[in-house]
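The structures come next, written out as structure tokens.
Presented sequentially are two complexes of chain A, the first with chain B as partner and the second with chain C.
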Partner chain A sequence: MTAKKRKLISPALRAAMLWPHTWAGVTLGGLLMLIFFMGSLAVFASEIDRWMMPATRVGAVETGPASLDHAVLPAVEKLAAGRAVRDWYVQLPDERRPVMALQVRTEAGNAGGMATSDGQLLPPVGTLGGTYFFYPLHYSLHLRAGFIGYWIVCFASVAMLAGLISGVVIHARIFKDFFTFRSWGQFRRSLLDLHNLTGVLVLPFHLMITITGIVIVLPIVLPAGVQALYGGDVRRFYDDALRNYSRPRSGVAAPLAPLDPMVAEARRLWGGGEPAVVFVYNAGDAASVVRINRALRDRISLDVQPVYFDGVTGQVLKYQRPGPVVATHRVLSGLHFAAFDHWPLRWLYFLFGLSGCVLIGTGMLYWMEKRRVAHGVKPGVGWRSVAAIACGSTSGMLIATLAMMAANRLLPAGIPSRELVEAGLFFLIWIGSAVHAAIRTRTDPPWSEQCTAVALLAAACVVLNWITTGEHPIRAVASADWAVLGVDAVLALTAFAAWRVSRRLAQRPGPDLSTLAKVTDHA
Partner chain B sequence: MPDALMLPGLFGLCYFAFAALALSVERHWRDLVDSRRAPPRRTVFRLRLAALLCLAAALSVAVRHDGTSFGLLLWALALSAGALAVAATVTWRTRAARG
Partner chain C sequence: MKTAGQSGRGEGRAVPPRLRIAARVTAAVFGAYGFAWGLAAFGAELGALAGMAPAEAVTASSLLALVVLPVASLWAFAVPRITVGWAVLGGGGVLLIAASQFAGTVGP
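Moving on, here comes the complex of A and B:
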């Protein structure tokens, strides 16, 4: 039986799998780190939003607005400020976002804003926050033109998938080492143990999240079908697949029918469930269309079950469930999005996302430790580049993220394009920390210095939140503001951990070069 | 089962299942139980059976509490969490045993 097992994965196959695994990790590790880290943050995007938008911490709401017609329509009018409204939509309040988010498209530009559930417009939030900065960074790198960011992220995800599978093939003693993490002895062995441990034990999650991530953007990255049937128009393809409805403006003015009966009718069609988003297309036109999406909080599938109404008569125009392929795609996408309300699962997604960062990070560190042999005490340009990328994409990215959150609390509310200043600071500081890593890398990247910076910034974020909003942990507990308390707790934990790490690294002796000579294979 | 006991029960069962599996691995048995000999065959069998029963019980807890779809997902992820916790325990105890 053992002979059979040995044949199943031959040494030649292992060797053939090793070099793509290594190359993919070394070249794309930094990018994958960004994707996994921002994806983990995106799990708690709403909570980060509450932290970064203090005006929206208005306490939990029990249900949606009492009346769309009374609460939402006046807010839309106020946002339009006298210009003729073309289309608008409102995301209704829920447990995690106690305010409404409105977006209005007028004949002269767009306007957006937040409002309380009774329709009071809040001052501009002045930040992109978790939902509009960290989350898009996860899937598009903010490179939307021509879907370039999607392509890059998807390419990296396919490499991740190949890395996961080839990693399992390479792993020689997968069951004997199943629970093994030797934190003592050789540093290199500890790194490999940790790499194998996170890779094997969290493999179900990593495979699921990588595959579903690719599945979501399949129509974009495998465009042949869309090209052949829809002339490359992705929007028309999605409209068809998701059974959407649209019609052009008629040019004849007509008033909007009351929205509340439409919501009641949508509820009846869904057989229970809450409305999440209400769209009004061609507002004030005889051809206006109202679309109501169902909330996703009680299901895995991302099928929002849109119901379309005639905006003038209030009659249902279209309500059609997707076909089996699209329904499957919606379930797979939903597995990735985790839009449901399930706190244990939310935390598991967050922690396992971070375990992906550990997997990628230990992989890069293991490569660096092994390659010291070839490069000796004075490493060459190749090793130093990987070291700088590893440092810039781990501690550097943390510094940039935390600096953006600190800037969010420090920048005055009134400055023009405040949200863009914040985002610009993120990228500038990230570039700065990467340059710092590149300059200061000698026998090792400046881990200790960057960890100190992470600790100080994380602690500063907690203190700044306290000073600028008056919301300290005790008050957050008292007012049951779990979102802010949670973000503060994770920040405090980050500060503590980073401080401990930086102290330990500062006391660590240089790399033990005497053990390097033993390494023979080239991983 | 009361709501408050669901999560501790689920994660506890997963933890015990993987703890039993970890003890059935010769290296950890020698490090943690008996350094002189490998685990007897019968013990290995019993440990694995216990692990299987714990995993099945965990699945039933998760599915009964959260429904089929959420239950399955929660169970699958709780497996990883339990295994990671066992790995941490093994490292901690082995390190302590080594002095």
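Moving on, here comes the complex of A and C:
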């Protein structure tokens, strides 16, 4: 094995891989950091939602048979406020989101809201929260037009894949260095060790999560097959692959049949399982269609097994399973989504996702430390830009995230477009911290100052949650509100760690270039 | 195995290094994507000809192309002569796309 590998991975190949590995990391590291960090947060998007939307902390609901006809329909009517409803859907309450989320499309604009499981509409939450801010930032950067965000994220993801593969090629002594971590040795040496350690130890996860992330939107970012067989119509491809059903409005009014028997029928077709989302298309029309999606929490696959009913007669219109390859695609996508109900795995996804941030961050730091030798005491513009990006995409992003969460607890409920103010603050503060990093970078980015800011903001978030909602850790334990307690605990841990780091960094002497220059690392 | 690391000096006598790097980076980004595109398109047509359902053929060939894409991208840096890299990735991509067009006209 080793002899064969030696031949396969020649020193020249290793040297050739170094350039793309280095420069893909340096140029796209900041973006990848954002993608990995927001993806890690997205694992706990529901819990972050509970923290950011105190009105939805209504305690656990029994996910039993809540009546759609009695609880949901009146809420839809109330949201429509007299306007003719075109389509609507409801996400039913579950273990992690004890409220319903409704979205109504009327002839005059859309309306959305949350309601308790018995149909009581809640006041507007006034935030995008984890599900509608951090999570979309992870996969689309909030750049929806023309799927441009998908393209950018997927481009960075392919670079990540190439970085992982080239990293393995460069680091051919993979098992020897597997047990090497010289944390008390030379700083640059231990950065490289940490980079290699996370790269090797979590390699299977990083490969899996990166490739499955692209797989989810593959028909959009590599539409070659869609172009060949579907004339470039991605929608038609999806409808065919996922066995969707749709029909146009007839224009003839007709009442909606009871929904509860349809849910019962869907359950029977699934052979167990819970409904997660109910869509009503062409509401109030003779051609209305009801679609019921299955909850994903009892399996890996992202196949929601939609059952389509005729909205007037209540008969099943379509229920088909996808073919084997599409089903495989759904399982791969599900591996990325981690919608299955498994708390230890959820935490592992979160931690492994953060380890991706460590991998990318240590890579950028290592590059900076190595180049420092070449640049001497006065680093050039290139070095300083990379340093500012590295700082802005690590501590800067934490500052922006925490500032948004603090703003979430501080902004008054009534201000107009509250959720957009929050999101705007996130971006403003992020840009501000990147500018701060760029200005304050002399021999080093302002790590210590930004870590102090992270520590103070994280601690402030915990305190603000306590003051504004009255939910302190003891009460959270007493009421078994694990979501809020978990977010508070991670915030407190962040505050503690960031404070320790900032103190350590403040005491660290400046880099001693004379000793740095003496040490030569392997490629 | 002869790779770019060894031949970098030999090949670049006439070509400025900036241009050489640009050729490799564009081959890695656009060449590799074009190759993957061709593979996905040709694979989809081939699968459809072989009797697979269209959605199945599209998904299977796209997944295959996705695995090839990062490897092709890195190969653009490993190949000793980037002209060969461009010929294989760019030329191969064009050939595969042409083949898929042809398969599309032949098929039902």
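The working rule: the second predicted complex is superposed on the first by the 505 of 523 C-alpha atoms of A that agree within 3 Å, B and C clash if a C-alpha of one lies under 4 Å from a C-alpha of the other, contacts with A are read in each partner's own complex, and residues count from 1 in each chain.
The working rule: a residue touches a chain if its C-beta (ideal position, glycine included) is under 8 Å from a C-beta of that chain, and two chains touch if they have at least 3 such contacts.
A quick note: this is a predicted structure, and the numbers were derived from the prediction, not measured.
In this overlay on chain A, chain B fits alongside chain C without clashing. When the shared chain is aligned, chain B comes close enough to touch A:Val202, but chain C does not. When both complexes are overlaid on chain A, the residue A:Phe352 reaches chain B alone and has no touch with chain C. By the touch criterion defined above, A:Ala224 lies against chain C but remains apart from chain B after alignment on the C-alpha atoms of chain A.
Contact with chain B, but none with chain C, is seen for A:His342 once the two complexes are overlaid on the shared chain. Residue contacts after overlaying the shared chain place A:Gly323 against chain C, while chain B stays out of touching range.
Residue contacts after overlaying the shared chain place A:Ala12 against chain C, while chain B stays out of touching range.
Of the two partner chains placed by the overlay, only chain C lies in contact with A:Ile165; chain B stays clear of it. By the touch criterion defined above, A:Gln507 lies against neither chain B nor chain C after alignment on the C-alpha atoms of chain A.
With both complexes superposed, C is the one of chain B and chain C in contact with more chain A residues. This overlay, made by fitting chain A, leaves chain B and chain C with a least C-alpha separation of 20 Å.
Overlap of the chain B and chain C interfaces on chain A comprises no residues. For chain A in complex with chain C, the touching residues are 7, 10-17, 19-20, 158, 161-162, 165-166, 169, 211, 214-215, 218-219, 222, 224-230, 237, 240-241, 322-326, 328-329, 332. Note for the complex: chain B touches chain A at residues 7, 18, 21-22, 25-28, 66, 69-70, 73-74, 76-81, 83-84, 86-88, 90-91, 94-95, 98.
Looking at the complex, you find that chain A touches chain B at residues 175-176, 178-184, 197, 201-205, 299-300, 335, 340, 342, 344-345, 348-349, 351-352, 355. Per the touch definition, chain C reaches chain A in the complex via residues 1-6, 28, 36-41, 43-45, 48, 52-63, 65-67, 69-71, 73-74, 77-78, 100, 104.
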